[in-house]
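In the two complexes that follow, chain A is the common piece, with chain B as its partner first and chain C second.
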Partner chain A sequence: MPIQPPVESPRDLGEAYALLAATHHRPIAGGTDVMVQITGEIGQLPDRLLDVWHLEGLRGITVSEGALTIGALTTYTAMRHSAPCREHAPALVEAAATIGAAQIQNRGTIGGNIANASPAGDTLPVLLAMDAEIVAGSLRGERIVAAADFWTGYRRTALAPDELVLRVRLPIAPDREVRFRKIGTRRAQAISKVVMALSWHLRDGRPEWRDVRVALGSVAERPIRVVATEALLEGAAPTAETAARAAEAVAGEIKPIDDVRSTADYRRAVTARVLQRMIREAGGW
Partner chain B sequence: MSSNHGAEAGAFGVGATAPRVGGLERVTGRQEYVADLPHGDALHVKLVTVDAARARVDVIDGTRARAVPGVHLVMTPADLPQPMPRFGPQRRDRPVLAVGETKYHGEPVAAVAAETPDAAEEAARLVEVDYEELPAVFTIEAALATGAPLVQEPSLRPGDPLATTNILREHRYGWGDVEAASNQADVVIEGTYAFPMVTQFAIEPHAFMAAPDGDGIAIWSSIQHPYWLQRVMADLVELPLSKVRVFAPDPGGAFGGKQHAKYEPLVAFIARRTGRPARLVLTLEETFQAVRRGAAEVRVRAGFRSDGTLVFRDIEANYLIGAYADIADRTVAKGSYTSNGPYRVPSVRIVARSVLSHTVPSTAFRGFGNPQQIWAVESNMDEAARILEIDPLELRLRNLARRGEAFIPHETPADGDWAASVSRAAELISWGGPRQPGRGRGIAVGLKSGPTTGLSYSTVRLLGDGSVVVYAGTSDMGQGARTIFAQIAAGELGAPLEWVTVVMGDTAVVPYDQQTSASRSSVLMGNAVLAACRDVQSKIRTMAARLEGLPDDGIMVDRGEVRIGERVLPIREVLVRGLGRLGGEVIGVGEARKEADPDHPLGGTSAFYEFNCTAVEVEVDRDTGDVTVTRHVTVSDVGKALNPLQVRGQDEGAAIMGLGHTLMEHYIFDEAGRIRNLGAIDYRIPTTMDLPLRMESDTVENEDGPGPYGAKGMSEGALLPVAPAVAAAVRDATGVVIRDLPLTPERVWRALHPELTGAPEVRQAIEGAR
Partner chain C sequence: MTIRTPTPRGPVRSAPARSAPDALVVPPGEITTGHARGAPLRREGPAKLTGVAKYADDLVFPGAWYGGTVRSTEAHARLDAIELDPGFDWSGVVVVSAADIPGDNVVSLISDDQPVLVPVGGEIRHHAEPVALLAAPDRGMLREARQRLTLRTTPLPAVFDPLQSGEVFAHFDIRRGDVEAALAGAELVVEGIYRVGHQEQLYIENQAMIAVPRDDGGVAVHGSLQCPYYIHKALKRALLLDDRRARVVQTETGGGFGGKEEYPSMIALHAALLALKCKRPVRMIYERHEDIAATTKRHPAIVTYRSGVDREGHLIAQDIEVVMDGGAYTTLTPVVLSRGTLHAGGPYACENVRIRSRAVATNTPPNGAFRGFGAPQVEFAAEMQVNRIAEVLKVSPLELRRRWVYQRGDVTPTGQVLRESVAGEEVLLRATEAAEYERVRERTAGARARRGADGSGREGGDRTASGIGLALGWHGAGFTGSGEVHLASIASVELTADGRIAVLTASTEMGQGTKTIFPQLAAAELGVPVEDVDIAPQDTGIVPDSGPTVASRTAMVVGGLVIKACRRLREEVEARTGRPFAEAYRDDARDHGPTRVDQQFEPYPGVQFDDATYSGDAYPAFGWAACVAEVDVDLDTGEVAVRNVVAADDVGRVIHPVLAEGQVEGGTLQAIGYATIEEIKLEDGRYLNDRLATYLIPTALDAPRITSILVEAPFSGAPHGAKGVGELPMDVGAPAVVDAIHDATGVWIHDLPASPERILAALGATGPTSSSSAGRSRSDKDVEGAVDAAMDAPIEVGTDPLPTERTDAQPFRAPTDR
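The block that comes next holds the complex of A and B.
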């Protein structure tokens, strides 16, 4: 019998913060991870739930101060329909479109994907590749955590127990390109075997890549950036030789595991090929 | 709609795409499945299992479980009659609860009955079971090894020479002389092909309920064979058939997995012991542990002349069935008997074994033992085509049996123009046309024998206003049987379709039907309904003769009309006048039989064959091994499409189901025999996103079947050749031959990059016989 923890449904952020400060509550947004964990008895089960669905301050998509800001409660469907998201974060929209199917996209939120911290969370490599900033809040106030510092271990985050994810900020950089690719166990409702996001900047019309990010999911205990591979790509042009070297580097840099969905061999080889292919497509050869 | 029924009459007779009877209820969630039935004071049952495959059960302690509020009974083997009642359609080998030892992961050792599902679930966990894991066998190789632990106690198999092995039965079929024929072959192609363990995955999980019913018992089950279940239950609880009433609400998908009794006996014993109704609704995970298809390893040796003519075929198939026989050994027999396929081959030898293992009992599943060997034989044909340098299409056409040919001696001869289906599929996929780079095409055929025996009765009542009630003991599990029977009755008796009610699923009301399987119901029950309509028509004729003062033979009644000389009257007009002031109704009865033949290896010849040709085009991503089916063409010989849209639905549904075991579905076990991908998260069935980019289905209709208006059974055919067609297309696109299913991206990728993994999948053995 699934546990039936008590649920609080605060109407504003202050009330939510107070409840979180008083006793431990597990936030629940769309519930598409939490409910599966409860009924499947996966991991540490919550004693109390805090339903954040009514906190309007966690909704909304805005563009200001050189950034696209997406509220934590924004659903995948909302992102897919949002003109600013499509304009400034097409790779994120692409990732959103691969998540679950319509029912999950209508209910699942980006804040949930971030806080759930699954190594297979599909938006997370995109956030890493875009240098996203995650804004967390509590009674103590708000603070910003860089995506690169957010996921600290297997399903662990930099959030304190009383903190909520409020929104995610994506710097807008007109000369930045971002690519996304997911290899799943099938084409829909699929948990990723490998998920990758790649980004780079072009400066002054030159072919060399700057500020390269290569971010991966499902190949480690948390979403990661492969910094050695990034360093190799930094300042390089997307040639066949670069692509081959990057493929080799990324295969050496990651240490994926065997599980029921895939094997380490396959994940490593496919990651290398996917990266090589993305570079080839960018290079247009 | 019903105001002007004269105008509507016959509009949806056979051959028309009548709307699905009950379809709206199904898709809007209004249909009541067993789990939806009002259950009032029923007790909720939960199974108690142990976390092991084979385990010796030492102590079952229900003390803590009984303390949970609302718990009425912790049923252990000791609470059941002794010796433990056993049941099964082929052998009485399955106990109501495990006796002394579990035989597979998920086999219940006890059960809890409580006032609420939650209480039952909580209590089931609190049942303390002391057990010790025992050595077990989960693969064909392990089960056949010398000294392998025996799955079934030899005492259960008295007089059986194989009782001290894990072979439940060995079947041998064939004709000609394979040894002698070996010398006549220019080329011999040999290979071993593996087919995975997959589950039916009906969207409605199995559900069971039993209740004391006066001096008898009532059973509710989402079952395909209610009358067979009635017999099994009558036997177990020692009651006459008339005191066992089986209700079989339309199942929500069955695919063979709901043919035979599973937990009906358990809920019946609980109901009898507690005096309360008892219900059990399986979770999806529990259905994985209740039903599956047999896995198989099939070795094929085929000899060809250099012009492609087949001279012999030598097939050895081992099926990994589960711990109990269920109907699995029958699937092995039937799947093997025709496994040479629709070809003319002078010498054939087929040896097939049902190998017991400590895994979920396998049972019937769409295709019934055939897809496993068709995968092997058709893949072998593709390899032969390549080596002989003959077009794979040509190779099939060259060897296909022609109509009337006794392609299996002493068996129903070829009953269709099979080459027409093959040519149509080739045409639809533009077989010889140019291919895009990176794409490949494959073609394969599948043959399955229909029912070998059968018996269906139907009663049809033409009511006083011209509306009709049809009684048919078929289970409509989504295949659309209600619609077909309604169409037949509507057409024959001149009623609008929506004036026909089809009553099914109650053994106390509806006359006997042997079973709903082998794509039989349109043919056998269809003929019974048609016969019952004819019976009504003959009574209408007598009525008309009486009214007109004419002899019977001056009057004809057919397709809703009464012809009296030049005059044509609707049946209803004669009916209303003929019934007169007292009103009443006209009752017809019909029967359809397919007689048994005791000397036949299968107990009877095939009533008809299902024949299908599938041609596909795929694109293979060399970097990931991902296979995209860009086109899928499926053509079935159906005799006559009684309802073209339903035929298409069945063919396309079967094709997609075939893509499941072809591309993604398989049970994965850990070393202890537990299923690792239990449930929907890691066991993948195709979603709409995984469908072929383009899918076309077509039929060949020569009205040459034994069913109503020349129909043949259909609904399994389009699944049969999917795997070999796709694998052939992958071979065509990449040059790589893969002999193990499913063709997961990872398996394809490994085959494409043997240098990266050091484990080449490409096994080839080509032996020139000269």
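The block that comes next holds the complex of A and C.
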């Protein structure tokens, strides 16, 4: 057992910002990633921990100004039980339900999933597909980072070392559809081999898709959107032909790798087939 | 659900002596649905349920230090030096190297090749091999010290592919009849190569041992273990101790599955060496990561199979080659290989059999005991062959098995005549009836035909395919060959001075029920309340050596000794008092004092095995198991959901219905994991997925509905007729699931696990992938080979060329009138 790093537990955001500005601290929210890294001796042991669990400002789920806003400390269980989440972000609730098991869902937070920046983070493709905005804060103030710009590399984010994730904002769009699918090794407690979120808008009752987003996890070093495949789907109706072309396009667009969970070939094939299936199910043929 | 059935066949030649346990078992034919039916609650259950059970890590030994192991990070190297950083204060920690071992630097088991610690100048033979030991007063200091110790090594070339290895740990060659001639004359020859990988036991409690120095210069170890006397022997040898000064005490043990058969000797030696050097108790409790990285796994195997079938559809030839990967040291490999060799033909009568097997060394961590012990690997291959032959012949896999399965009087490849307790057909029929196998099979075949012959499905079609699969298996009860005779186990029963009954054995409880069934057997034999029977602690200072708790031998062999000891105790007390034991024992204890009976194993009458020629009765009896599995396969992702399993297992005699059912359910789920998701990935001899986040086993959500049918075909050599249940279900789950995947998709997966990656590759959805390319081309080739062979054979497609019943005219039938 390693030596436990010292932990600070600020009671308000100002105190937390000050601590972060003074010296490097690793935030710890639910700890479901951090504790595994510490006890498993994976990576560098953090010098100091900043326990954000008591920062009430990071909790809460609200609907205002055309957006669903979810505090960084919101747990998966809270999202699953939240009526606004279920109404405005059912795909996110679906993703939350696939994460870990009850213990992890009671403790793990959306802020932790975002900041941990694992390529396999299951909520992240949903956030990308929904054009989420991530609100970060520090002594210098708050700023908004689009989900599409947030994950910059393998386990790297746009966050500065003194910044916290405060909340995530999901624009509410009544004509938007979002689909989610996770492929893991087993039916629960599995890290994704491939995770996908697909979204589109339907305008004026027309069958053609607009503002299409195809977001993927576990097929690159970070959660990604496949923009060429999106472009192909933009303005297309969900026909068999579209689905086949999109499947081919996405298979060509991604460059997954072989690793301990799966193979590049499997990931590519399954991504293509799941996308095809989602389009077919949307098309109802 | 448990459905208990008697075997409908005629009386066995020597029916077991009627024995009191009969009073405890459920009337044959009754459905018990998980009900104990008068069988007692688990002895250790309340303590476990309320959290007061003490596992090794719960025990407090004042002043104890923490022990840790420094392990190799290379697969093959010479150890040049162990360097201690002079900038670190070593006075507060204790370091142990091979030089500190007073006796032989050997983990005593079958062969003397495995060192307790690699000596300087010696050879590191696998990744995570123990090289040095450290103990410190706290974990922080232990961690710090570990970082200040460096191993200097010179790399050596390593061998990872068992087919490239020139170092053979063991080999066997069993021949019966003339295989080449039979294959040459066969109408159909089906060939296959099957590869199965490592499997991790994944007991809930990691390996754990605490060593405490004794005043007499010896040492006591307390820990999580299956075989107290294996450890006792290892301590005596390496530490130069006599029987008394080495003491081994089992703590509450959170599962073993074979994984705590041999490795605890290693960790006990490490803890003891540290404890003796720092003269205080030392705790060695593994983290999961270390446990998976360093301890034994199920042996990977490559099984090459050729089966010959004649014009009438009889199985006339089996030519089998088994190669097992033993890892870096011998451990139990020769015995695992022996069991694998003896089970390789499956439960089928065949005149001409050749089984050649070898287990070889590679520079990977040693493989060892795991539930099934060599049989699951080969029986997977055997059942794949039968299912593939059935496909080529266009015969129902059930029908084919009915014709081929061993009957009483048949002869096995070692020349063993199956005289009694033969229930292969019985379990087959019970499982398939309960599962409505043929009806479901018709339905799945229809769905497959509608989807298209290649099974890949048509656009717009249902993307989930259902299938049903079948497997039949056998498992030799107890130790192989003359093993039990060599073990010469002793179990004791004592009427204590205070008028209670004590059962003294070294047989361990690890969740499977030893502590519950022994009091049951004793109480029933003596006619006393089960509450009056105590189990003595598994402490080598107290109990005799009743042998290891392995090989499904506890209920059959040791349970038999307990009954016999009770019988003698009863006779002695009844002779002395002139009254029935149940009435007299309390008075007798008061008047006469304690009475103890030691019962030693006596060879089962008529059971003989020749180790030199590998012929004769390989096992005193066999257990029989059938499994029907239903799966759903997602044709887009290759994901398999096992929905429903019906398992029929013949265990000889059911002692405790709930515990027996638990063994069947647990073994079935473990087999499903083996079949579908459990896979160790290696890189340069190191396990890549050596954590719970990456080595996955099925969860409750992955578990199918399991119906267990307990069949009783008693073994006359055991006073209660029991044959053991622990390993049986492990042998049949995987081939049943893979057969069901084939039924759903039309493709055969030859390698375990039948992962989604392999399934999609076989369906042609992906290019060859690193884990499945070889499997795929091979599968395609030998399915073609089989089909070609079928085309050449003058068997009319569409008609069933097989006789509908077995007849005595079949040339390979041995006379049955014995």
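In the analysis below, the second predicted complex is superposed on the first by the 284 of 285 C-alpha atoms of A that agree within 3 Å, B and C clash if a C-alpha of one lies under 4 Å from a C-alpha of the other, contacts with A are read in each partner's own complex, and residues count from 1 in each chain.
Methods note: contacts are C-beta pairs under 8 Å (C-beta built on N, C-alpha and C of every residue); 3 or more make two chains touch, one makes a residue touch a chain.
Just so it is clear, the structure is predicted and the values come from calculations on it, not from any experiment.
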Partner chain in contact with A:285 - chain B first, chain C second, else both or neither: second
Which superposed partner A:165 touches (first chain B, second chain C, both, neither): neither
Contacts of A:232 with chain B and chain C, given as first, second, both or neither: neither
Which superposed partner A:120 touches (first chain B, second chain C, both, neither): neither
Chain B versus chain C as contact partner of A:198, first or second or both or neither: neither
Touched partner set for A:89, first chain B, second chain C, both or neither: neither
Partner chain in contact with A:132 - chain B first, chain C second, else both or neither: neither
First (chain B), second (chain C), both or neither touched by A:187: both
More chain A residues in contact - chain B or chain C: C
Which superposed partner A:263 touches (first chain B, second chain C, both, neither): both
Interface residues of chain A shared between complexes with chain B and chain C: 1, 101, 183, 185-191, 260-263, 265-266, 269-270, 273-274, 276-277
Chain C - residues contacting chain A, complex: 139-140, 143, 287, 289, 459-460, 463, 636-639, 641, 677, 681, 688-689, 691, 693-694, 696, 698-702, 756-757, 760-761, 765-772
Interface residues, chain B side, partner chain A - complex: 117-119, 121-122, 623-624, 626, 664, 668, 676-677, 681-682, 684, 686-690, 745-746, 749-750, 753, 756-757
Residues of chain A that touch chain B when the two form their complex: 1, 101, 183, 185-191, 260-263, 265-266, 269-270, 273-274, 276-277
Residue ranges of chain A touching chain C (in the complex, touch as defined): 1-3, 36, 39-40, 101, 183, 185-191, 193, 240, 258, 260-266, 268-270, 273-274, 276-277, 280, 285
